[in-house]
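We call the chains A, B and C, going by the order they appear; numbering starts again at 1 in every chain.
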Amino acid sequence: MSAKAQTGNFLEDFRIGQTIVHATPRTLSVGDAALYTALYGSRFAVQSADGFARALGLPQSPLDDLLVFHTVFGKSVPDISLNAVANLGYAEGRFLKPVYPGTTLSAQSEIVGLKENSNKQTGVVYVRTTGMDETGDTVLSYVRWAMVKKRQAESVIAGQHVPKLAEFVPAAELRAPRCDLAGFDTALSGSPQFWDDYAAGEKIDHADGMTVEEAEHMMATRLYQNTARVHFNQFAQAADRFGKRLIYGGHVISVARALSFNGLANAVFILAVNGGRHVNPFFAGDTLFAWSQVLDKAELRGRKDCGALRLRLIAAKNRPCTDFPEGDAGGKYPDCVVLDFDYWALMPRRA
Amino acid sequence: MSAKAQTGNFLEDFRIGQTIVHATPRTLSVGDAALYTALYGSRFAVQSADGFARALGLPQSPLDDLLVFHTVFGKSVPDISLNAVANLGYAEGRFLKPVYPGTTLSAQSEIVGLKENSNKQTGVVYVRTTGMDETGDTVLSYVRWAMVKKRQAESVIAGQHVPKLAEFVPAAELRAPRCDLAGFDTALSGSPQFWDDYAAGEKIDHADGMTVEEAEHMMATRLYQNTARVHFNQFAQAADRFGKRLIYGGHVISVARALSFNGLANAVFILAVNGGRHVNPFFAGDTLFAWSQVLDKAELRGRKDCGALRLRLIAAKNRPCTDFPEGDAGGKYPDCVVLDFDYWALMPRRA
Amino acid sequence: MSAKAQTGNFLEDFRIGQTIVHATPRTLSVGDAALYTALYGSRFAVQSADGFARALGLPQSPLDDLLVFHTVFGKSVPDISLNAVANLGYAEGRFLKPVYPGTTLSAQSEIVGLKENSNKQTGVVYVRTTGMDETGDTVLSYVRWAMVKKRQAESVIAGQHVPKLAEFVPAAELRAPRCDLAGFDTALSGSPQFWDDYAAGEKIDHADGMTVEEAEHMMATRLYQNTARVHFNQFAQAADRFGKRLIYGGHVISVARALSFNGLANAVFILAVNGGRHVNPFFAGDTLFAWSQVLDKAELRGRKDCGALRLRLIAAKNRPCTDFPEGDAGGKYPDCVVLDFDYWALMPRRA
């Protein structure tokens, strides 16, 4: 292979404290918003209708928070996880500013942790990735960690360190978009339920199922300019242990989030990602179901119009979630569960 | 299932005269227009090129009439037909105002008829659905009826009534967009044929065939935020009598309409939907063919630049339409016919 | 079939010197740009981020050159190649003006050559197709030739002529977009390599592979309003020698071009198409790989900020290109090679 084609970084290429500016800034448009709707069928009213957003004091419909997340994530792939065996987790994700069509997103990552595995073949890299708009404002920041191959087993990994990551983003640190949800129209939003109507511990089966096709997850993942090879190259994947293309974990999150509309229609913004694990692979032809549990509720400083719900979103494949499948006490999940995602959402409060 | 996830209305939940405001208004954009082109390959010049539209006195290319129809229809599904067994028909559909990118559509439905079936398990609900833009103007209005399940066989359905529906929209009630087609450029539009060149009774085989994939019809139907479960959930559909996802009937209409360009290239606006029946199911992998018959011709009040054609658009699967397959005198259709759609289109007249 | 449905031109319908105005001008938008990204995962920075384009003195991100090419090509299909057996080649392609969202493209073709085949059943038509924007400026011009059926074997083809076509577009005739690449940011563009770093003869394996699905190539080809039947109609194709839908050759070019980012990330504009041949068919389910060879380098008149690379882009199916598969001296290609494409690209020079 020519030296001009990039082969990505291996574990020994990273140094703690190193900052990597990721390539290919991307201007998101109403075209991306339309594709996001076509791919997931998302119906959250703030993102669906300009007029609904304006009635809350926003200039227009912002782009879906997860479209922003996937775009920023995609930028980091060529530098961070092209040689990843697995994307292991997320933490300390904060959405700091709504993103509107026309915004150009760029991204950079700081290496915040490195830990070689005992097999000397692989290790874990921890990065804090930041997404910025064209004014330089940070719109999103999160930590993720991935298991990455070493180039050579004999390489010594200097300065190993596993960062301490918050178990969840404290409610006091959540930043709600500047808007006023006091007049939130629940007839138009699709649900009469306010923040007030949810209780910690409550479980919600989102009922619907969505089958995913190869063309869909590949179009989505290319839209995010995510270049991870396992999603696209059936010739190579045929030799993999599953024999199939793997679906980008973020696609699963977005399908599950769209399904969660049925029960959480008024959870119109994602404020933070506390954690997330892709616990089993998801393939084309599989049907995704999802359920949510309310983990916590929090008031937002200075806001009487809205509050935050800490939600756990669990997605399962080829099986309805009427009985709320999840992991056991030891953290072991049944084969059907593919996602365990912990986030804070913003929801209007009853006047 | 939690009470927070919606299960839709059943027959006994409707009352004649009731008005339901549908959720999730939707701002349509050039992104939706691009997806519509990608999904159907539509080539009608007015909707394809801003300059062509402007030459007729329109401000820019309007969105395809059927994109508007599907969007409004989609809004009504969670309230009207989530528990539908079948969508039975359409009538009295009127397109009242062209819709441009940037328009926010919202929808509401009035219950205009209810009739229990003799099996007591199901019944038919008739609704008049109205689509409005953000100024409150009605852009589309139509009646549809669907067979809907009852929640309980023993429920009594009060106030049953089957509405009298017009067999077709009278030509005198058609509202043509404000524009001037006198200078309509037939070299750019793709056909030299004007309204003057069509005769009542004439049949046109549209010749081409289009195969539909699962990813395509699901992306389309999600774009319309249509949540009917039969289109998306292969896990559930595997237990259905066909064992497959059903393709949204509106997707079939749009494929057939795009095919009809070849023979009706200058039928640039849909003015009314007189009726429509999905007479057999259509599945991914099937190839759609279509033919049209001119049912009637009408002048439009005060317009010398254009006239209306009443067209019957019939679509068949896995079989060319060279011999114009259709239903028999008793209203029985061969298995190959999937759509019988009756509409008024606007076409320029020869100067 | 009704006389109203068009059956396309046959060899005997063309006359040398004849100009055909193609139907259906098309306004391209940010929606088309988003779809192009979703279909190919293209990451060239100039087309990806408005801010990146503006830093070079462009008003915003232009549309991908190949999106422009496919759109113009698509317009020509109903008139030129609806009855084509094969699209044989391209020459003398020049991109003359960047195209931005909002531009309306129209197209016309001049018949520049005709040659009947000895079997009398088919022949070759040569056309020079021109794409124009709404101001009348030519944005693209190229010659292509296709093998087209005759309507009747006994028809006499008058005035046969095979045009002399340039083997390649001379560097002196390349027209680079008006911009200044002196400050080209290689951290954001994804590669540190400038024009200066490439040498004639150099081969680059682009490493990655992309599997293509039916839904993807059909959505792409419909987006271009290309009506060639072989791409869409599985019912008819089942009787064809391959039994499958053929993927539009331009889709293969775009996939290969997107793959070539890995090694040619800074080749941000296509200036000319010197030639191109689709040497074997490509089908859904196949995985495309690609490699490039630098055929030549040229300075651009009056420009110190950028130079031109003449590149040969070869794509192969279901086989990595680590050993650079290509045709033999006699012009015979192995079955795996599907594309041999010769073009000039613009690349920034090191300051």
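Methods note: a contact is a pair of C-beta atoms (placed from the backbone, for glycine too) under 8 Å apart; a residue touches a chain by one contact, two chains touch by 3 or more.
Here the structure is a predicted model, which is why all the values come from computation and not from measurement.
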Copy-to-copy rotation for chain A and chain C - C-alpha atoms, rounded to a multiple of 5°: 120
Residue-number overlap at the chain B/chain C interface, same or different (half cut): different
Approximate Å spacing (C-alpha centroids) for the pair chain B, chain C: 36
Per-residue overlap in chain C, given as positions that touch at least 2 other chains: 29-32, 34-35, 213-216, 219
Parts of chain A lying in touch with chain B, wherever the complex brings them together: 29-35, 37-41, 43, 45, 48-52, 61, 187-191, 193, 197-198, 202-211, 213-216, 219, 262-265, 285, 287, 289, 318-320, 322
Residues of chain B that touch chain A when the two form their complex: 1-2, 4-7, 21, 23-27, 29-32, 34-35, 78, 102, 104, 106, 134, 213-216, 218-223, 225, 227, 229, 232-236, 245
